[in-house]
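The structures come next, written out as structure tokens.
Below are two complexes that have chain A in common, paired first with chain B and then with chain C.
Right after this comes the complex of A and B.
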């Protein structure tokens, strides 16, 4: 794909990061969602003083604690990988990544660590009010921690608020607020935390359903389903809304990813949104890359144009147009972007030579160009294209993008249905007699995890070859280390995380079987 | 001064009692946390995840020059 000497190193480094991130994301969303559910339950206990609500709060808090403790520090490994496997990238991003991650570290340490102790050790030792405040602060702190990580990730998807300094070879933040309120960050944060709320809600719903199936703890189960049902229904509607907002944002910031997850190749007005479809490799190609045709599809006519442009006449660019350019729509070809990227890169080379020759005037002149907005908008923003050898190399995997997106969306609608039915049956008083539904709820516990992981697969695979959109491809970001050590640590992580996961599941199952009395 | 010592004493007793009265699952997860932190921060960090630029370059200037070289010459 690239003229990179060690593709195995790039692939193994990516695989290792993906493995760590996927496992990490098995622990995080339950913390995000369950913390709020526990806080809501404790608030009810605080207001009405009912012992059953206290018992419920303590039971779900126990399960929250197990997940929280097992998941702690699993994300640190990702930061290790930045320094070891992705050193060019880590240096290049400069303080853009450092600032949000430092804030996250401080928040995680002070807010979560302090108040988690009060949550678990503080019953009957601190006032009810202080305990409740601590529980809420843990929930808010956990979700704010996620904000800073997602701000850093969003910058990789849509780099803003910085200027590149050739003198240090680093990007420097010029507007913290542009980085924080990056439109990709806002939609990503809301979409991600609401998907975590959904995970927590389905977890509570599924386990409560199991108690009803087992004819145990029926009052606790019904009250838990009431809370999880309402919170889950609102969260799943929020997930759908923020998903729509995210897609609109992607259409502007990452149009190739957007076209890939709809398998849309040609620019069109009145573009259909594919609800369900099956792809097959086409005989047509772009360069040496195969296209995909639909074996079958069910589409919503004109909806993609409405979604992205507000009405059916809106143009939605396809992959062909984004690669080859479309002057009538003002779309620059990848070949042109490659030329502009090379101009920026040649200037960087000139800067280095000028410094070596002590030609300070020329070096200063080039530094000035890199600070100039027009140069940044027209040339440096395409810097990453200078590493691309063929225009078609910027097309991500269309099939993996398409299927991960559509599976996530289908599951999203399924969750709305499950939570709505849970509340309907609960209010009708028929929940316990609908054993089929209780089994459906129990078996659905894992599905929000699947949807969440699909979301990350789409976000990260759908933006390949970029590690920083348009600025740096993964091949230029990787450290020049031996792929053997990356393979060893990949296997170590696989073992470590699997052990952690087995430990979590076995301790949780034991506590669930024991029930709240214990 | 006495009030500070008293506050520190209360905080110490809060944590001491919390840990000493911990439930079965609490003790288990603490064992897992300690093993995990040992593996992550001692074994992985020291033996496998040294900072590449830190390890190979002494100064910030050298790191800049190295990365600049990589950006210019990567294919």
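Right after this comes the complex of A and C.
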């Protein structure tokens, strides 16, 4: 099973998925956030009938439309790529993973696509109320679609609610609610959609700031800043809160990733939280992997222990503990996990042989073992380790994890400050005179995108080598196609997405310069 | 036994849902059909704008149905998803490419500063309109003609040719169904334009084009259907778990499932009626007859591909690797969970119908193209 993976194929398949995901995430967050901002504006128009509010709604809706289409285009690739490039994975977990994708289509995509047509073309065809409801349904549909794909992703990070069936060589769902309310899914969903709200808010704030700098559309700009400022401030606070919750869940579900993004190697109790730091390659190694030392760091003493365990005496495992084991804390070594994984895998092979030889008694016996909770907890949960050749292979890139996490967190605090200042200056009536701040707001439009992409880099690269945590490494999940084919499609996607991005940015800038229609 | 019956019931239930989604997708590809005539149908630029905006208000439905079709296949028959997508790589990638370029083409074509010019985005629409239905039709034809793959004991797919699916285009029957679907999409696209546009010259041009497109569709469709009914099919013996070739298998399926045969014939009659009342009676409601007919005929075709002991995704390379609805399906638990979710589908259909009716309550006019704020 899954023998001798072609490493070039694995790397190019990963690169293609990363490329698609990164491009997709350039467009989706704005859809998530701007859809609600437009809905809020239209609600105000519906309630007070002011034509200026209608004009504002239509203007931001135009920008929403430009972005929406390209998000849809990149999204379809992600769904089908699970099959085209990760077919072994698709079978191994399709019984669980497919369900959220199907529900996403039935519950969310149809809602979004049906009412987006009413939203764009229905101004003169349906009642004001129906139009408003349609705009809200688009926003809800867009965010519901995020729910289901994030449930699917969270399951990969923390597989729950399933049992392995050796007869079909796949995992099968036994609890839909466990999958849906997986604690990683809940925190991931809230964190991700609130980061989308933040992107939308900063987009509206930045463009409105540009209008104020240019002394154009001042009423529209101030009203937009009021809505984006409040929505953005609330969203950025929610991002911070859910980020904290996400980190706590990661500490339990993916401790190696957690230790990697804090560059934590050897800590037991009273662990410090590194607020800012610079890493350099150490002379020490774990196996053939280099460790990292801090060139400098600013830490909050004991805070990591408080954060993860509730008090300063709480134990936070470092990478060394997680790789080599720590019997006093009940952490088993990766070498031991590899042995247990091999036991489970050998039993699977033995089951197949027994079935082929019609040795039904032996096959039934092994089937019973795979249904036994103790066997699952002690052996099968380490199934993926049977493909790992060296313990240190389960350490993700520490530097990439550390920097992506810290950049994201620093930017998160920066966004709170920007939205708070925007509202403060707006209420004081000094916003237009604070040109430095308007420029800051304009230049900040791209930063939430950076933070969002960093979040996904951390989530996906920080969990390497796993495609499903502890159960399946990426090397075992890939489709059996030539790496040459994937290189070609990678290049085709890269060119096409880049062309589309250039067109989108150009159209967007032009529409902003044109401004709302009179 | 109860569990077995339940699982079998749910496998059939989900094959019906998949077939329904597939048939709706083929009907909704009237959008692609309209796009494929973007350069040949209009007599002037205003007519072109009207065609694009008529189709553009519905492209999301086709796109979403395709995505849901894929998601539902993944959830209910994951072995098909992994075997077909992971094996017939190039066919699926080509289909995906054609749909990526569609999504943005509508929104960007008439926007100022779109960098590449309106012509480029119109070519994107044309490519999606021509390639999308053809490739999907050819891919679905392999449900009847077979593909070149094998599965190992862990159900991992290995494709037998380095062409990874493109070899299907060398099979005349696959080509015939691909072309039949393309020309059906064009026929339905013309009928939809006739129904939705208030512009005499464009309607007249559409009626003129309808004759030739309908004839070409019928030629390829009849070729495919006749060869299908006369050819051997992939029969599955549930007792032994083996797949073998059976002469006239699909004809047997139609005879042994009379309700499916009635649906199929009703579908064919529906499509012909839609074309007929438009050409000979000057009706503008032909799309609803042809649309209903399309859904019924495709639905019936997909049912005979998967029901009555038939392999719905056969392997002509290794017969026993062929996929059947019981071998490829999700577990009982997942199918049952998904069945509960599917109960919401009537509500989804109801709100789609309501929203569609609200937007389509007036035909698209020249005036609207000049005054509407959001124009493609």
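By our rule, the second predicted complex is superposed on the first by the 510 of 518 C-alpha atoms of A that agree within 3 Å, B and C clash if a C-alpha of one lies under 4 Å from a C-alpha of the other, contacts with A are read in each partner's own complex, and residues count from 1 in each chain.
Everything that follows uses one rule, which is that a contact is a pair of C-beta atoms (placed from the backbone, for glycine too) under 8 Å apart; a residue touches a chain by one contact, two chains touch by 3 or more.
Since the structure is predicted, the reported quantities are computational estimates derived from the model, not experimental observations.
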Touched partner set for A:176, first chain B, second chain C, both or neither: second
Partner chain in contact with A:99 - chain B first, chain C second, else both or neither: second
Larger contact residue set on chain A - chain B or chain C: C
Partner chain(s) touched by A:120 [first = chain B, second = chain C, both, neither]: both
Partner chain(s) touched by A:220 [first = chain B, second = chain C, both, neither]: neither
First (chain B), second (chain C), both or neither touched by A:146: neither
First (chain B), second (chain C), both or neither touched by A:110: second
Touching partner for A:481 - first (chain B), second (chain C), both, neither: both
Which superposed partner A:69 touches (first chain B, second chain C, both, neither): both
First (chain B), second (chain C), both or neither touched by A:167: first
Chain B and chain C contact sites that coincide on chain A, given as residue numbers: 2, 62, 65-66, 69-70, 72-73, 76-77, 80, 83-85, 87-88, 90-91, 117, 120-122, 125, 168-170, 352, 479, 481, 485, 489, 492, 496, 500, 503, 507, 510-511
In the complex with chain A, residue positions of chain B that touch it: 14-15, 17-19, 23, 25-26, 28-30, 32-33, 36-37, 39-41, 44-45, 48-54, 60, 63-65, 67-72, 74-75
Interface residues, chain A side, partner chain C - complex: 1-2, 58, 62, 65-66, 68-70, 72-77, 79-80, 82-91, 94-99, 101-107, 109-118, 120-126, 130, 134, 165, 168-170, 172-174, 176, 352, 356, 479-482, 485, 489, 492, 496, 499-500, 502-504, 506-507, 509-511, 514, 517
Complex contact set, residues of chain C against chain A: 57-58, 60-61, 63-64, 66-68, 70-76, 78-79, 81-87, 89-90, 92-93, 96-97, 99-104, 106-108, 111-116, 153-159, 162, 164, 330-331, 333-334, 337-338, 341-342, 344-345, 348, 351-352, 355-356, 358-359, 361-362, 372-374
Chain B-facing residues of chain A, complex: 2-5, 62, 65-66, 69-70, 72-73, 76-77, 80-81, 83-85, 87-88, 90-92, 117, 120-122, 125, 166-170, 345, 348-349, 352, 387, 389, 475-476, 479, 481, 485, 488-489, 492, 496, 500, 503, 507, 510-511
